[in-house]
Structures are given as C-alpha cells and as structure tokens.
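What follows is a set of structures for review.
Consider the two complexes below, in which chain A is the common component and chain B and chain C are the respective partners.
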Partner chain A sequence: MATLSLDALRKTYPNGFTALHGIDLAIDDGELIVVVGPSGCGKSTLLRMLAGLESISDGELAIDGRRVNDLEPAERDIAMVFQNYALYPHMSVADNMGYALKNRGVPKAERRRKVEETARLIGLEDLLDRRPRQLSGGQRQRVAMGRAIVREPKVFLFDEPLSNLDAKLRVQMRIEIRRLQKRLGVTAVYVTHDQVEAMTLADRLVVMNGGHIEQVGTPMHLYERPASRFVAGFIGSPAMNFLDARRADGDLALPCGTRIATSHEVHNDAVCLGIRPEHLSRVSEADDTTLTTRVELVEPLGADTLAHVRLDGQEEPLVARLDGVQPVAEGDTLYLRPDASRLHLFDLDTGRRLDDKDIHSCPSSPSSRLA
Partner chain B sequence: MATFQRHRLTPWILLAPQLAIVAVFFFWPAAQAVLQAFYVEDPFGLGRTFVAFENFTRVLASAEYYRALGITVAFSIGVALGAMALALLLAVLADRVIKGAHAYKTLLIWPYAVAPAVAGVLWMFMLAPELGLVSAWLGALGIDWNHQLNGGQAMALVVMASVWKQMSYNFVFFLAGLQAIPRSLLEAAAIDGAGPWRRFWTITFPLLSPTSFFLLVMNSVYAFFETFGTIDATTAGGPGGATRTLVYKVFEDGFVGYDLGSSAAQSVLLMLLVGLLTLLQFRYLERKVQY
Partner chain C sequence: MRYRRPGLDIASHAVLILALLAFCLPVWLAFTAATHDQASLYTSTAPLWFGDQGLGNFRSVLSEPVARLGTDVTRLLLNSTVMALGIACGKIIIAILAAYAIVFFRFPLRRLCFWLIFITLMLPVEVRIMPTYKIAADLNLLNSYAGLILPLIASATATFLFRQFYLTVPPELLEAARVDGAGPWRFLKDILLPLSKTNIAALFVIMFLYGWNQYLWPLLITTESDYMTIVVSLKRLLSSADNLVPWQAVMATALLAMLPPVAVIVLMQRYFVKGLVDAEK
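Let's turn to the complex of A and B:
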C-alpha cells in the first residue's frame, strides 16, 4: 500500500557509463506498473535501484513521500521476486518464506501462522517441508511469490519472474500474479522483456529504450497511439510494419506507387508510415490504394494466418494478419489494403509520432531527451 | 557390448603404468610395514623374530604414545581450525575485492608452492630466540619467546607454520565456493532484512558446508601426516617431545631409535586412526552438509 515517486533518477557507473538518463515516474497506490524494453535498456537497473541493490547516482526516489535513496534494501519495506527465484537452497519452503519475518524478530508462533496462511493462499500448504530442489519450476516460482507476499510489503518488485517457465505455465502464472496483486492491492513494479506479458499484466506500461522512458500509458493507449517508432515496433505482436512514404497532394505516396488518403495533417515531405499487421486486409482486386505483394511465408495460427509478404522496392518483408484460414501459399500475389484510419506516422529522423500534439502521454520523454 | 568383451585386456594394459606405480610405491611398502609390525628386527636388519601383537601391546601400554596422541590431537585441531578459519576470512575479503583481485589471489595462493621444510625454516628464523625479527618485537613487548625451551611456544610455532602453509589450499577452495553462491541469494537475503553478518551466517556459511566438510577431511589428513617436514625443520619434535606428533614419533622410533617393529606398529595404528577419523567425519558430519 504505497505510492512510489521517481524524480530524475540517474544511474552512472564508476566507469562513466550512464545506464539511466533521468527517469521520472509517479506510481499510484495499488497500481501494477510493467516496465518493458529490450535487453540493455536499463529496466533491470531501474528495478534494482528501487530495491536498493544499486545505488542511485542522482535524482530522488520516494516511497509514500519519504525519500529512500540512502536506505538499505531491508529498510525500504519492499519485496522482490527474482528471475531465478533466489530461493535459499538449504532451507525448507516454510523457512524460505519465514526468513524475512525471522530477521525482523517476529515470534515463532506468529511466523508459522503467517506462513501457513500465505501457503494456503497460493496453494503451497502441502509443500512446506520440502526443499527448493525437490520442487518443480512452477512450484519454485510460487514459493518466491509466497516469500514476497508473507511479508506484507509496501511494494512488490518483479524481475522477469516468468522467463524461466515453459509457455503454458507462464500464461497460468501471469494470470495468478495479476489476481493476487489485485486481491492484495499492493503496488507493484514488474520488469519484463516480453511484450505480451507486459500488455496483459499492466495497469500502466512503461516502455524504456537506451536508458530513457519512451512512453508511459495504459497498454491500449500505447497500442493505439505509440509516441515513437520504437514504441510502435515494440508493442503489438507481430510487430508493426514500417514503410517510407512521401507527401503528395495531401495523400501519402509509397515508392511502389500506392496512394493512401490520410486525415493526418502532415508537414514533413517524407515520413515513416507504420501499419499494424492486423490493419492490412486482403482484397481481390488491385487499385491505387492497395499494395501488391508477393507471399514469402505463411504462418497459419488457427484463428489467424500470418502472411509474410514482400513489396517491390521494400527491403524488410511486411507481415499481414489475415482472418482465419486463408487460401494463400508461398509465391502467391496478394493485394493488401491498409486501414487508412489506423495509420501511424513518424518523423524519419527523430522517430517521434507526427500527429501527436498530446505530449502529456509521454511526460518524461522531452526532458529525458535533453538530459 | 560385444566389442568391449573382445578387448577385455585393453583397459588393463592402459591402466598398467598407473597400477605399477601405485603397487611399487604404495601397496608394497604398506604391506611391508604391516608385516614388519609383527616382527622384532635387530638394528642392522640381519635377523628378525616373529612376535605377533607384542609390538602393538607395547606401544599401546606406553605413556609416551598417549602423550604423542594428545599432542597430535591438539596440534591437528589447531591446524585444521586455524587454517580453515583464516582461509575463510581471507576468501570472504578477497571475494569483495574488485580492483587488483587477481594480484591478491595470486599472492594468497603462493605459500602453497613453498616446500614444508622451507615454510618451517622461514617461521623458525622469524621467531628464532637469538636473531629472529618477530621474537625481537615480542621481546620489546615483554614476551620472552624461546621455542627451543618453551614447549607451548614450540607448539605455537609449528601450528603457525603448518597453518600458514595449508591456508592457501583452503583459500582456493573457499574462494571457489563463495563464487559459486549466486549473488541473487545474498541480494534476496538483504531485501529480506538480513544484515551482512546475518547473511554470512544464515546463507553463505551453510552453502559453503560441502566445501568446509571436504576441507576438514583434507586438513585432518594434512595435520596428521604432511606436517612432518615442517616439524622436523623447526623443532624436531622438541623441546622434550612437546611437538612430537604421532607421525614424528614413527620417524623417531624407527630411524633414530632403530626400533623398526614398534615404528611399523605405530604407522599401522596411525593409518587405522586416520581411516577411522575420516569414516566418522563422513558418517556424522556429512549428514549435516547442505548440498
């Protein structure tokens, strides 16, 4: 039960490398924030700074309005779930969960009661006497969760907690984490590189890149109005297609000759056009608003079919998400029409969204760019 | 399977050189020692008489033997605990060093490359009553150091020299053990509210227990057998037998006193003792080891 406030947090290592260039973020009580980004973007460093495992070079971190920059991890009242679970191998499940309580001097009887209560909550009551190595991956994950829950901390920190699980278990645990977090109402920061995990879990999503925050917002907001080409390419699966386009009489002209009518008021001559795979639809006849493409690869997913297609003069192949089972095969010619109302335009040089006057959707970006 | 059976001889041929070395340098002398323990031989090796267990009964009835046993136990406990505790301390410190870690580690491993006798002489010179540097300092502090006369100081000297030498070996294993402990466990413990001291005793130390157990066995064997050179070069078992351990007594009785039968009987007893000790360690301590 806490708010978290990050004010211009910076991390510079002794060798001069700056991992974080000023991170601003306000996290509400009970909110689940997912920090997502490619490896090396600084998301884990940020989490470790919140935990107190990394020092803060500059800026201020406050939990419930109290500055915690210089507090030891133990004094911050946070709990962390590690990627490799970090269970103490020489302790039973019960001792693992009770370790933090023991360190705080909670009496044995109360400790036992709390551990059993938490174990019931997450379905571990039959495993309390086991050692971590006698557990499966999913069970270990549960113990790590239990160890965090039993302490009733102000903030949960998750460092890619599901990345060591198999796909099915990952989906199951994802739902469980969400359920538990809502039920307990604890503020949580969750770091992952998996954008599906990020989309499904987050109240608000923080997309990071190169030590900056690219955009903060609800998953759907980020999907609908990505603030930059980077966010656009990162959120959504399969990733957004990007094409170079030129402005021509209020329309957009592609190198292949296709013209797309757009309502966007664009002043640049050349722009980067983003089209999501699900916003390309198949048409039977070619006209000047369609793309004529050649199919290179077909991925039938059951509900959808992904067609990897090549457009003349375009280096990167495009991906189109087609409804259901489509009669397409490698080598076929496919006519695709982009949904003109769901296009995204980005500046070729800066990668920023062009039609987005609503700069508030990415509050930290302009300042962090300057930093 | 069929292919292997056709070459039933090949493994033995490949093993032969190693087996020959073990046979000539270990099994044959060991068998000789066991055999000799049942005979009384004249000092010049001209004749011997079978005496059954008399060598053993004589040894086990002598007060000298029990004194040496007591000295050996005290010495071994001192050496094993001293060498392990210091090595653990140094390993923990070296594990935290970031700059110049390689140089530190190399320097700390160095004493292992020094021959036992040289190590002994080194310490003997530092603490020599008449010309030693350290003994001069001790003298300035009002401590009258003379291990040639004082039995307790002689014991301290051989323990120090043996500890110094064995410490490097232990250091390497403890350092490897420490580095095998995942960083995230200690971080998790820090978040769980354990301070550095508590983290060490509740996480690091239990996780080092396989290493510690292995080293305890190795250090016991070292203290019982391999400190002969150190003792011989520094105190030669003196003064007045104050540092005469069992292995040193085997040497003294056999090659100084020429009582080969008794010496052989003692070495058989020593072997049984160390075997028993190791067995006990495995039987009772290993259960408490966390793997």
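Let's turn to the complex of A and C:
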C-alpha cells in the first residue's frame, strides 16, 4: 500500500549517455502502472531505478512521501519479479520464497506459515519442496510471483515477467497477475514491450520513447486520443495507418484525390492523418470519400480479416481490419471508406496531436469510460 | 556412439585389459614386494606373489622409526596430510574471496589486480624459489607447517577458475538477492557458495593432489625429520650410499603414500557427481 512519486528522475551513465531525461510521474495507492515502449527507450532502466538496482543521477524518488533515492533495494520495501525469474537454483521453492523473510530475521515458524499461506494463494502448495529446475516455466513464474508476494511489500515491480512464456500461458498469467494485484491492493509498476499485455493489464499506461514519457493515461484514452504519432503507432494492433493529407475547403484531401470531411479545427496546411485498421470499412463502390486500393496480402484471423493493401502514391502499405471472413484475394481492388469521426491528425514536423482541445471526434471519451 | 560388432567389442576389451595390466602391474609388484623380507628380495628377481611377512612391514614402518628417516611413517603421513589440506583449503578460500571481489565489486584498479594475479600463473614455483626461500627463512618459517603451507597457498589458477564461474552466474541472481535484503556476505554464503559446490569439490581434489605431491619446496624448507613429508622421505629412503636399500620398507611406504590421495578422490568423487546433478539447473 503505497504511493510513488517520481520527480524529474534522470539517469546519466558515466560515459555521458543519458538514458532518462527527467521522468515525472505520480502513482496512486493500489494502481497498476504499465510502462511500455520500444527496446532502448529506458523503461527497464526506470524500473531498476525504482528498485534501487541502478543509481539515480538526478531528481527525486519518493515512496509514501519518503525520499528513497539513496536507500538499498531491501530498505525500500519493494519486491521485484525478473524476466528470467532469477530463482535461486539450489533452494527449494519454500526457501526461495522465504529467503527475504529469513534475511529480515523473521522466526522460522512464522516464515513457514507465511510461505504456506502465499503458496495456497497462488496454487503452489504441492510444489514447496521442489527445486526450480523441476518446475515448468509457468510454475517458475508463479514462484517468482510468490517470492514477491510473501514479503508484503509496498510496491511490486515487474520486469517483462511474461516474455519467457508461451502465448497461451502468457494470457493466463496476465489475468492472474491482474487478479492478484487487485486482490492484494498493492501498487505495481509493470514494464513490458508487449502492447497487448500493456493494454489489458494497466490502470494507467506510460508510453516511453527515447528516455522521455510520450503520454500517460488509461489504455482506452491512449487508444482513442494518442498524444503523438509515436503513441498512435505503438498502441493498437495492427498499428495505425498514416497518410499525408492537405487541407482543402475545410476537408482533408489525400494525394490520390480522396476527400474526407472532418470536423477537426486544423490550421496547418499539411498534416499527417492517422486511421486505425479497424476504422476502414469496405464499400462496394468507389466515390470521392473512399480509397481505391489493391490487395497485397490477406491474413484471415477468423473473427476478422486483415487486408494489407496498397494505395496509389503511398509508400507504406495500409492495413484494414475487415469483419468476418471476407472474399478478398491478392490483386483484388478494394474500396475502403475511413470513418471520418475517428481520424487522428498529427503535426508533420513535431508528430504531436493537432486537435487536443477537440472532443467530439472522440465518441467515448476516457472520462465517460472511467465513470 | 555404439556399434553392434562383436569383433570391435573384443578388440576394445583387449586394449582396455592391456592398459589395465600396464597400470596395475607396478602397484601389484610394490604390494607383493612389501610382504617379503629384505633378504628374499635380494636373492631372487621381483616376486610376483606374496612373501612370508604378511602386513608386518607395513606395521613396522608405521609404528617404528625407519632407518635413515629418523621417524615413523605415521608422522610423515600426518605431515603430508597437514600440508596438503592446508594448501587445498587455503587456496580455495583465498581464490573464492579474490574472485568474488574481482567479479562482483567495483573498485579502483580492479582490472590491474586481476591481471597481476593472472600473470603469476606464468611463474612456476621453481622460478621464484630462491627469493621465496629467503623470505621464509627471514620469517623463521623453516621447519614448520606454516613454512610448508604459506608460500604455496595462493593460486592464480583457482582464482581464475572461480572468476570464470562467477561470470556465468546471472546478474539477476545478485539483484534478486539485493532486493531480498542479502548483503555481500549473505550473497556469498547463501547463493554463491552453494552454487560453487561442484567447483569447490573439483578444485579440492586437484589442489590436494598438488599439495600432496610437492617435493622441491618441502625438501628445501624442512631439515628436521619431524616436518618431513612422505614424498620427500621416499627419495631419502632410496638414496643410500653404502647400505642395501630396504626395498620392503620403500614399497610399504610408497603404498601408504598412495592411500590418502586415493581416498580423497574416491570420497570427493561422490560430492562431485552429486554437485553436478544437484546444483545445475
């Protein structure tokens, strides 16, 4: 049970490389924050700084209002789940889980009781005498979780804990982590590069890029109102399509001649237009609000079909998510109509969102979702 | 690989049995010779069967002072055991601590320290034996267990081996231990040492044999028979200017000298294999 406050946290390595350029974030009690971003964006460094495994070059980190910059990891009252679990290979599951308690001088009987209690909570009670190497990947993951839970820390830190599991187990453990975190009510920071994991787990998402925070918000807010082209491209799968567009008489004109009516109050002449694959719908006939495209690749997923299509004058192929199984084949011509109410406009130079004050383009605003 | 060919089986067994004979025959001859009396050894060729002394020669070298040595073999075995154990344990403890410092701590001149240790690998004992003797003499270490052990107690090889092993320990293990509240000593005691069990067992065997088989250094540093080691004594038993060599005593002593190393290997092999099976994941 704790709040975390990060105030202008910076990390500069002795060789002069700056990994983090001032991170500001306030984390509420019991909140699950997911930090997501591409490799090298500094998300793991940030987590390790929270854990105390990496020193803080500048700024202030406080847990429950107490400055912890210079405290050892153990003194910060945090627990960390590592990507490769980092279980002690020579200790039994029970000893692995009880090691932190032992170091804290908790008496043996109490230690045993707490370990057993936690093992029951996460379904490990039959495995307490096993060694880590006798466990499957999912079970090891569970032990790593148990080791974190048993100490009743103020904050859980997760460093890509599911990336070594197979897809099915990952989904299952994801749900379990979420359930446990809510049940225990412990504040948690979770680092991942998997945006599906990020969307499904997070109370709030932090998208990082190049040592900066790009945007902080609820997953749906980030999905519906990405603050920058980077966030727009990172959140959502398949990724958002981007097109160059110009303003013409209040509409947006694409190089191929298509005109899209928009309610956005935009003053730039040239903008970057973002359309999510699920906001392109197939129509039977072309008119001046549709895109005429040629199909390059079809990925039938069952519930829907992904069509990778090429638009004349556009370098990158577009992706459209079509409902159900669609009778399309490579080489077909496909007419796609963008949903004009769900467009995203970004500045060509800065990549920032252009319609920040405009709300009616966003039918379900995050505040209404939260309520 | 396994081929199902009877001819190959016979041939490989023949080679193995020949090699076994080649290795065992000298030991067998030593054993049979140790059961004869001196006179019969000088009147016939090397006997292939036991003589009439039974284990009497063993009993006498163990309990009575042996001629030319001035002490009994029990004392020699004790001296050798103290020296070999001291060297093996000392080397392992020092190597573990040195490698721990080099791998897990950041301190100024860390690399220099490592390379200085590493360079001593290239200097065998014989090269630095005169200065070492001078230092040992100045420190009054002649004719003492400390003198036998201390100059041989540091090992670059062992330090290097432990360093290589520590480098393979995932850094997350250290981080997990730090988060779990284990300080440097606890990490060494609770995590690193149990993980190094196999390495320690292997090095103990190697270093014990190294210590046991030392010849030159004990020969230089000991002049009193109270501190003589059994390996040195064997040579002394043979070097007779005028008298007949007491072959039955030499053989008995040689066989006794073999026993502790064999015991160490047999005993440690079990830990060795257990460690291999247990500690690795």
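The definition used in the following text is that the second predicted complex is superposed on the first by the 356 of 371 C-alpha atoms of A that agree within 3 Å, B and C clash if a C-alpha of one lies under 4 Å from a C-alpha of the other, contacts with A are read in each partner's own complex, and residues count from 1 in each chain.
Rule of thumb we're sticking to: a residue touches a chain if its C-beta (ideal position, glycine included) is under 8 Å from a C-beta of that chain, and two chains touch if they have at least 3 such contacts.
Here the structure is a predicted model, which means the values were calculated and not measured.
Per the definitions stated earlier, placing chain B and chain C onto a shared chain A by superposition produces a clash between them. Using the contact criterion defined above for the overlaid structures, shared-chain residue A:R104 touches chain B and also reaches chain C. Of the two partner chains placed by superposition, A:F230 touches none, neither chain B nor chain C. By the touch criterion defined above, A:P132 reaches chain C but does not reach chain B.
In the superposition on chain A, A:F242 makes contact with neither chain B nor chain C. Of the two partner chains placed by the overlay, neither chain B nor chain C lies in contact with A:F346. Within chain A, the residues touched by chain B in the first complex and by chain C in the second are 51-53, 72-74, 78-80, 82-84, 86, 88-90, 99-100, 103-104, 147.
For chain B in complex with chain A, the residues that touch the partner chain are 182, 184-185, 187-195, 198, 202-203, 206-207, 209, 290.
By the touch rule above, chain C contacts chain A in their complex via residues 170, 172-173, 175-182, 186, 190-191, 194-195, 197, 278-281. Of all the residues in chain A, the ones that touch chain C in their complex are 51-53, 72-74, 78-80, 82-84, 86-91, 99-100, 103-104, 132-133, 147. Of all the residues in chain A, the ones that touch chain B in their complex are 51-53, 72-74, 78-80, 82-84, 86, 88-90, 99-100, 103-104, 147, 151.
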